[in-house]
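Shared between the two complexes below is chain A, which pairs with chain B and chain C, respectively.
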Partner chain A sequence: MDFSLGSLQESKELKDSYDLIILGGGPAGLTAAIYARRSGLSTLVVEPLITGGNIASTEKVDNWPGDTDGVSGEELANRFTKHAERFGTEFLYDDITEVNLSGNEKIIKSGNKSIKSKAVIIATGTHPRSINVPGEKEYKGHGISYCATCDAPFFKGKDIVVIGAGNSAIEESLYLLNFVKSITFIQDLPYITAEKILADEIQKKENVKFYFEHLVKEFKGDGNKLTSVIFEDRKTGETKEIKTEGCFVYIGLIPNTNLYKGQIELDKYGYVIANEDTITSTSGVFAAGDVRVKNLRQIVTAVSDGAVAAYEAKKYIDKLNGGN
Partner chain B sequence: MAVEKKQPRVIVFSTPSCPWCRKTKMYLKQNKIKFKDIDVSKDMSAARDMVRMTGQQGVPVVLIGNRPIVGFNKPLINKLLGIK
Partner chain C sequence: MALLQEQDRQYLKEEFGKFSNDVKINLFTSKSGCTYCNDTNAILQEVSELSDKIKLNVYDVDENKEEASKFNVERTPAVILEAEKNFVIFYGIPAGYEFSSLIEDIIDIGSGNTNFGDELVNFAKSLDKNVNLKVFVTTSCPYCPRAVRTAHKLAMLTDKVRGEMIEAQEFPVLSNTYSVSAVPRVVINENTYFEGALPDAQYIDKIKEALA
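For the complex of A and B:
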């Protein structure tokens, strides 16, 4: 596949201030940008990695309405980006280092740049949760991975372990099965938590095995690479060991909200507290997508949030400017 | 007059859908660094070479001269390529 910079061009000359700054260029942020630009707001998207968010590294998206045969995550991410670009969204690809969200003038610092805006939409999404057991840090990248579409080729023909059995775990495992010989799942709960269509599909495979109600305790290795996973039966307390050179971890997500602590209300898990209207506890700050407290984190719910957030931001800015 | 130093050989080991790989390549292109991109999902012998060289079973790995850099390590890439 060609690597193209086509849709990842940073805007040449950034302004000092915008009507709206959107933090994060995933489905929520990009949709917010489309709606904001269409309503006439000058809009900057700040994205630390690449646009598209978690879908950019998803092999196949099978529940995006209209794409009847499914669509590659990368393609969908590129389409969202190009759509936002078409309406004149500006982009800055860099880390967000500091934010000041109080008052009528918001300040976002990124690298050596300091940019002002009237409103901010937080759409910074989530990152994979670490399992925090001995050996994880040591063997990360040496057998332990969090990204199947990145690292699957290194485990061709091998018997691997997947920790977790939620949507991400099963979706990524269905992709991994194109490479690996077998997958053993270790899941803390007594059942597969992924949606039924995925659960049915994985259970049809002959080369998968499930350990339910088991907890991973340790990763062991030879100093260079992973050699086994130690896990425990939650019911009996029995310790087990499975020999493997590869382990993919999908045990949930952590919201990317460290920068906003103390400036907006977060729940005990770190998600931004905001209702369906995406309005946060801080005036002029809106939260959209996976970063917001919600029950269902999907592309369709993220894009919905994005549209609502842009609408609310426009209303807020109009009021700030003395309009209706 | 200052003589511009020749850029060392740069190889990026990557897979097509790995976000940090795309970020790495985007960064190198933005800084006008010439590099060879090796897709380890298609070139299994290159994948084996990469693992042998680095012990790393994940991408991206950037080889600058003979120095392998694991992940998108911007400060180290900047230092080795003189990017300011």
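For the complex of A and C:
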């Protein structure tokens, strides 16, 4: 039983304006807050759900340097949050409803609040991609899930399906195996795309089975619950059906950038275009973490972005204030 | 062994020190078939010892039928926090991510805070029908506290709303009845439901749809 107090999700009295507003309280946003506060910028982090971002729903983080035995995602998220709080970061836990990023005064609207800042760091991360086949909407929450730590207990002793074989799919499946009887993976590519260490670990398990080069075509149910997954062999075109009550979908991520369309340049997938310096196409706006165009989306690359973005934001604000 | 970490204990002492109101916590337990009654009691004892303003009463549900019926307690453990106008309910142990929900509720009640934003406040004022919100959670679900807190905030604002957190694993029969296989799931007045942690405005829309 865990009774550690994460970050309390309520905001204290907020000011009308800040030097810097950071959108998103994941590893990138929280690191940016630590660096921004240490350089003297008044800083607000706006987070719609819970600080920590995707790591908050990750059972175990095994590649965070220094935590030699791994660390729970929840604990790491709490530590990042407390670290940012220690330097006086302010937090608003609410949805961002509207942004105006042009000009020298940026405006962020959240619920009925409107808050101004000189600079903005976008660190809004990503959310899981839907598979967009018939039955997905109908049986989402009725057998189809996207969060292993949330929903694993509902599939105790069951034979389940996992779609995808990337890092998220394999990491979450290693956790799911503590609950379920077996996992059948359906993967569109001919191999496991996760890191080798994860691929090796999952292949050692006796109760897993892989269908490579297969595509999911449909989810079927009895009107109330998922009962099977229909999938197709990409090479032969043969259609197959697997009976299951549970299916976890890990087929990639979609950047949370809808609000910024038309205000900053995004690539064709919706990621914010910015180099290693995190500078976007709009002056005074920086992009850090998974939301930015990059090759490797990891906690270490996100925190690195966060530090750089805070540094660049500080430089920008100093210049705006008439410094060098 | 203490359940609270020292750092959290200090933080809570400080926060609870600012309380202007008493916070009455009623824990309902039962002697049989209650896996987490003892653990729930243990954590509530530790929390209540941090402030004179927090008054914990522990009732055996079978021996205190009158008290239990006051809150219409349906299962144990039940943690009932009494707010000024109403009360909020936790069925099952408020551990993991839900520990934050418990603490935030306590802080709101103790500090008399009902500044929950115009959307919730106005909606609560406008309500003329009773609303039952069952929020199914697991303690390892980071998105669940938000759904719980919205239900509890509404319940703190109006006695038209009964806001229940339900830890799904502790009540498998109930979870099965509502076909819960993903959390958070919010069941409104037994007849409609939604999944996920929705922003207040959308949460309210779902309740309005259910009432229509």
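In this text, the second predicted complex is superposed on the first by the 316 of 324 C-alpha atoms of A that agree within 3 Å, B and C clash if a C-alpha of one lies under 4 Å from a C-alpha of the other, contacts with A are read in each partner's own complex, and residues count from 1 in each chain.
FYI, a contact is a pair of C-beta atoms (placed from the backbone, for glycine too) under 8 Å apart; a residue touches a chain by one contact, two chains touch by 3 or more.
Here the structure is a predicted model, which is why all the values come from computation and not from measurement.
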Fit or clash between chain C and chain B when superposed on chain A: clash
First (chain B), second (chain C), both or neither touched by A:220: neither
Which superposed partner A:79 touches (first chain B, second chain C, both, neither): neither
Chain B versus chain C as contact partner of A:234, first or second or both or neither: neither
Chain B versus chain C as contact partner of A:209, first or second or both or neither: neither
Contacts of A:111 with chain B and chain C, given as first, second, both or neither: second
Contacts of A:151 with chain B and chain C, given as first, second, both or neither: both
Chain C versus chain B, contacts on chain A by residue: C
Steric overlap of chain C with chain B in the superposed model, located at which of 25-33, 43-51, 61-69 or 151-159: 151-159
Footprint overlap on chain A, where chain B in one structure and chain C in the other make contact: 1, 3, 5, 8, 10, 49-50, 52, 56-57, 74, 141-143, 145, 147, 149-155, 224-225, 246
Sites on chain B touched by chain A in the complex: 14-23, 25-26, 29-30, 37, 39-41, 44, 47, 51, 55-59, 70-71
Interfacial residue positions of chain A with respect to chain C in the complex: 1-10, 48-50, 52, 56-57, 74, 77, 94-95, 111-112, 140-145, 147, 149-155, 224-225, 245-246
In the complex, chain A residues that touch chain B: 1, 3, 5, 8, 10, 49-50, 52, 56-59, 72-74, 93, 141-143, 145, 147, 149-156, 224-225, 246
Complex interface listing, chain C residues touching chain A: 3-5, 8, 11-12, 39, 43, 93, 95-97, 99-100, 103-104, 107, 117-119, 138-146, 149, 168-169, 175, 179-183, 185, 195, 197, 199-200
